[in-house]
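Next up, some structures in structure tokens.
First chain A sits with chain B, and in the next complex the same chain sits with chain C.
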Partner chain A sequence: MKGREATTPGWLGILPGTALVVLFLIPFGIMLAVSVAQRETGGFYQWGFDLSGYQRFLSAFFGGVLLTSVGIAAGTAAIAVALALPFTVILAGLSRRTQTAILVVLLSVLSLSEVIVGFSVSTLLSQTAGVGNILAWLGLTAEARAYTPSLFALMTGLTYLSFPYAVLVLYPPVARLDPELAQAARTMGASPLRTFFSVTMPLLRAPLLGALILVFVFALGSYLLPQVLGRPEHWTLSVHITDQAIYQSNLPFAAAMAAFLLLVALAMVGVALLLAREKGDRA
Partner chain B sequence: MKRRTFLVTGAAGLSALAAPALLRAQGAPLKVGTYGGYFQDSFSQHIFPEFTAETGIEVESIGEPTGEAWLVQLEQAARANQAPADVSMMSQVSRLKGEAAQVWAPLDESKLTNLGNLPEHFVHRYEDGRLYGTGAVSWYITLVTNTEAYPEPPASWTALWDPANADKLGLLALASNSFLLEITAVTHFGGTDILGTEDGVMQVLAKLAEVKPNVRLWYRDEGQFQQALESGEIPMGQYYHDVTGLAASNGQPVRSTFPKEGAVLDSGSWVVSKASQMLDQAQIFIDYMARPEIQAKLSRNVGTAPTVDRTLTDLSDEEFAAVSSDLPPILPRYDLYVDRADWVNQKWSEMITG
Partner chain C sequence: MTSRLGRAYVALVLILLALPILVVTGVSLNGGQALRFPPQDPSFRWYGELFRAADWLGPLKNSLVIAAVASLISVAVALPLALHAWGRGGWLSRVLYTLGVAPFMLPPVITALGFLVFWVALGMYGQMAATILSHGIFLVTLPLVTISLGLRAIDPALLEAARTMGATRGQVLRTVVLPLVLPYVVSGYAFAFVLSLNEYIIAYMVAGFTVETLPIKIFNSLRYGYTPIMGVVSVLFVLLAVLVYGTIGVFGNLPRLMGADRVEDR
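And now, the complex of A and B:
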């Protein structure tokens, strides 16, 4: 720090720092404390040190639920980022006005609540009012059928919700990309597709990873869409946490599951960052 | 002398300070929680205005989430000495859990002159005999169908197991609000006695698991199912008799059927949060709701079954038949969801998602 002029006064950090402690660390501490509280059957809980919530979680059943959640979140991250990357690269090549218009539309998607998106997708894929009727009218299927609830419906909803986040993460670095690099590759005879995969994508490795992690964590916490668009086997751990906290008033168990979910999220992010660093060293 | 003066001025000062608060408490409305949506709308329209006109007590209507969410909120708030609602309508499982956690304020029986109208199972007491709640309304969960998809009403709960109904059912997602264990036990095991042991519950669950291929939606949110039932997207399922009747009278192609095995008779009860500052007004309200004419009014306008004995009311046979049935009802085993709550819930989750 010495010899360098501070451009931001240090005390400005007090506000976000306090907010982090008050709004994140303290609730997180309370959650951990509740997760080991003693459950009273037929009642609520009392403070104590009881690991039965964690024990109950360590079962094949909840292991399966956890795998489902991670699988759905990872799938959403992969699909959303795979769609967002070419979208953003093409977007960055458009005129400034068009770019702004498209970004505004994307941002407005963020203002839609999960409930609205869930019900819209379920209507769109329903038997009585959905696309099945168009397919039947076109003669592609014998009669209209429902495509919800299903894994397809769930992934559609989750991708729809997380796509704008992926674009927003990718847009600044993509817009700053030096166009000459891609042009050089083209001059040297690389096809556009090859240029995209061997020049553009490696340059964007860090933001791509960032987008993947953001969407993964975002999708990992989803609980409404799996209920509206998924079948019971697609219910994520968040759905089970809600059931325990809201419907069974078993807050210790819900908190223990939430702690597990957080650990898994942190572990996955950690592994992703480690992998990225190793690759970066070798490159 | 000096000390006495101090005491007097002190007391005067205190009462002066306390007076505005008291006045505010008197002027404050009594917050009454009922299930948000249909119940809340019906109570606001048919019950609260006349109650206020008669007693002078203003009512603020609070919409509660169903299930145990409200219990959790009341309990958390009571720890901070807050009452999001003074009086709440609670499901029986939530009521019993709240009893175990002593969340409900004890009531003064001498203030409840209509207590005698209620049958014993609608007079709720702590183990030491203190009264804390009364039956509010009861309702049936029946077999419902879309009339366009099913021109003939189904006669029995066995329709849930019929392979012809593959992917057509909407059922409640939780053991403790669907009462599907009781329905299965009565339909296939001759009664709910089998649910007395864990072995028996497992047998019933195994039988219930056979309906899974028929279930399109395991719903937690009523609105989600009702909309799908009305559109015919999910043409059969279990639902509330009162709301289905209302939808049908509004021209929706839906019907509610009492299966020959009986429909599930569930109920809600009035309880007062121990954090409430308006116990007197709350008791007046609870007593008012136990009047036979008010119960009859609920039956006529809301479609709920009366909690008081039918003979006390002036309901005609026809009016009674619209909200109830002479068939013996399936009575929920609330003990299962209180004493064995975690175990039943775990096995239930494994059955549905497994």
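And now, the complex of A and C:
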């Protein structure tokens, strides 16, 4: 549509532009301002330039929280993507009907509230209604026991929540892969597994890395599962941000932590998007 | 081409995904207070309870109102933005588009805290309008992505034909473009609706103590012990999601909506 009137009138962008700037950028700006505000005991805060919120990052407590969050999120990303990659490759080769049905299941699980996933997984791992019960009934364990709260329960819940996300992130690049490449390998006598590892995997290196990062950021944002399924030592940065903001009434410190998380997430998402673009250029 | 082993793997994963939901469904059918699986003296008692018990009916209404209005706001922001980006391009459109997609890429707690300080500054902290507007902006991403996809699928020849026959810009938009993207607008609304219903942290940070939504209610009740009614809400939410996505899957092309370019119509 070059050299002629654009398809849409120019004023059309004003409404969404204003809405996003006012309701999205300004809140972030205020948050950054609050992160350097002075904390007032009992109340909220007073504007100022106080870096004590950021200084607390250097404490051993904060270091521990950060390490826990990163460890849990990285573990989740690795497990979810490892499970999702073969799943997605097989999914993309199925008929459209089957693909649609499986996508409906994945989307439904993905949009489930963290509260509901937490409740479901903790019920599944509980003493009276779940795995413990079944194992005892089978005679594998002496008596039914609960497997929650624990790190295992938390990782199960996070993987449950992240797996559909990982599949949906991997789905476009995998579906775009030329099926003839794998077919050619198979015709020349390569086994399905060998084809997967020597043809499919290398083609997907960039999307895989991108998916790992996106799932990592996704898991980093989990807030309820650590509280429902984990123990206090498994609380992530997201939990501590809310805890500081709501229960400790320390908005400046909460905002400083959020600003830090924002920087980390932005940098990582940026890298992931670059990886996706690079791939798109080559294709 | 897909080996039997591969199909077995997919089936196994799907069973694992269904397992917690299966257990929760069983739990929701318990006749008594206790969460037992398999359920004891099964009945639908707690399903009625959700719509009778005042302390659950309030959150249910809140959730539905918030989701219905917030998704409308999302679409109202996303539709002109998608049209603008599609029709004009340029760096400003790209910046706006990125802004629209950003809330979804970041850990939601950041957005939630941003909204918290924003509404505190405006004096609207704790009001339902704040929750609705926050959800509306947070969920813009979904209709934005679906509508943009729909616009990109429009054959330029159609627009050309309409123009050649003398249609003005407004007429082309109204009579050609909008009807073609309408299904994508509707699916965008549906996506946003389901996600708003399930959203916890923003609703909690913005007005968690005054405007209780169903997820907040469930989480608050978890502390005082589990009741089958939580299972009921979970089952209903799962059913609603399956219904919405299933409808989109039947009438639309879900694989394409999720980014697959070459799905054969088999």
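Convention: the second predicted complex is superposed on the first by the 238 of 283 C-alpha atoms of A that agree within 3 Å, B and C clash if a C-alpha of one lies under 4 Å from a C-alpha of the other, contacts with A are read in each partner's own complex, and residues count from 1 in each chain.
The criterion applied here is as follows: a contact is a pair of C-beta atoms (placed from the backbone, for glycine too) under 8 Å apart; a residue touches a chain by one contact, two chains touch by 3 or more.
Here the structure is a predicted model, which means the values were calculated and not measured.
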| item | value |
| --- | --- |
| Combined model on chain A where chain B meets chain C, clash or fit | clash |
| Residue contacts on chain A - larger count, chain B or chain C | C |
| Which of chain B and chain C A:63 touches, first, second, both or neither | neither |
| Partner chain in contact with A:247 - chain B first, chain C second, else both or neither | first |
| First, second, both or neither for A:126, with chain B first and chain C second | both |
| Touched partner set for A:48, first chain B, second chain C, both or neither | neither |
| First (chain B), second (chain C), both or neither touched by A:40 | first |
| Chain B versus chain C as contact partner of A:108, first or second or both or neither | second |
| Touching partner for A:228 - first (chain B), second (chain C), both, neither | both |
| Partner chain in contact with A:116 - chain B first, chain C second, else both or neither | second |
| Colliding region between chain C and chain B, picked from 27-35, 171-179, 207-215 or 225-233 after the shared-chain fit | 225-233 |
| Overlap of chain C and chain B interfaces on chain A (superposed complexes) | 44, 126, 128-129, 228, 245-246, 251 |
| In the complex with chain A, residue positions of chain B that touch it | 65, 67-69, 71-72, 75, 96-97, 100-101, 167, 173-174, 176-177, 216-218, 220-221, 224, 231-233, 338-339, 341-342, 345-346, 349-350, 352-354 |
| Interfacial residue positions of chain A with respect to chain B in the complex | 39-44, 56, 61, 65, 126-129, 146, 149, 227-228, 232-233, 235, 240, 243-251, 253 |
| Chain C partner contacts - residues on chain A that touch it in the complex | 1, 5-10, 12-13, 15-17, 19-21, 23-28, 30-31, 34, 44, 83, 86-87, 89-97, 99-109, 111-121, 123-124, 126, 128-130, 133, 160, 163-164, 168, 171-172, 175-176, 179, 182-183, 186, 192, 214, 217, 220-221, 223-224, 228, 238, 241-242, 245-246, 251, 254-255, 258, 261-262, 265-266, 269 |
| Of all residues in chain C, those that touch chain A in their complex | 1-3, 5-7, 9-10, 13-14, 17-21, 23-24, 26-27, 34-37, 76-78, 80-81, 83-84, 86-88, 92-93, 96, 99-100, 102-103, 105-118, 120-121, 133-134, 136-137, 140, 156, 159, 169-170, 172-173, 177, 191, 194-195, 197-201, 204-205, 208, 215, 218-219, 222, 226, 230-231, 233-234, 237-238, 241-242, 245-246, 249-250, 254-255, 258-266 |
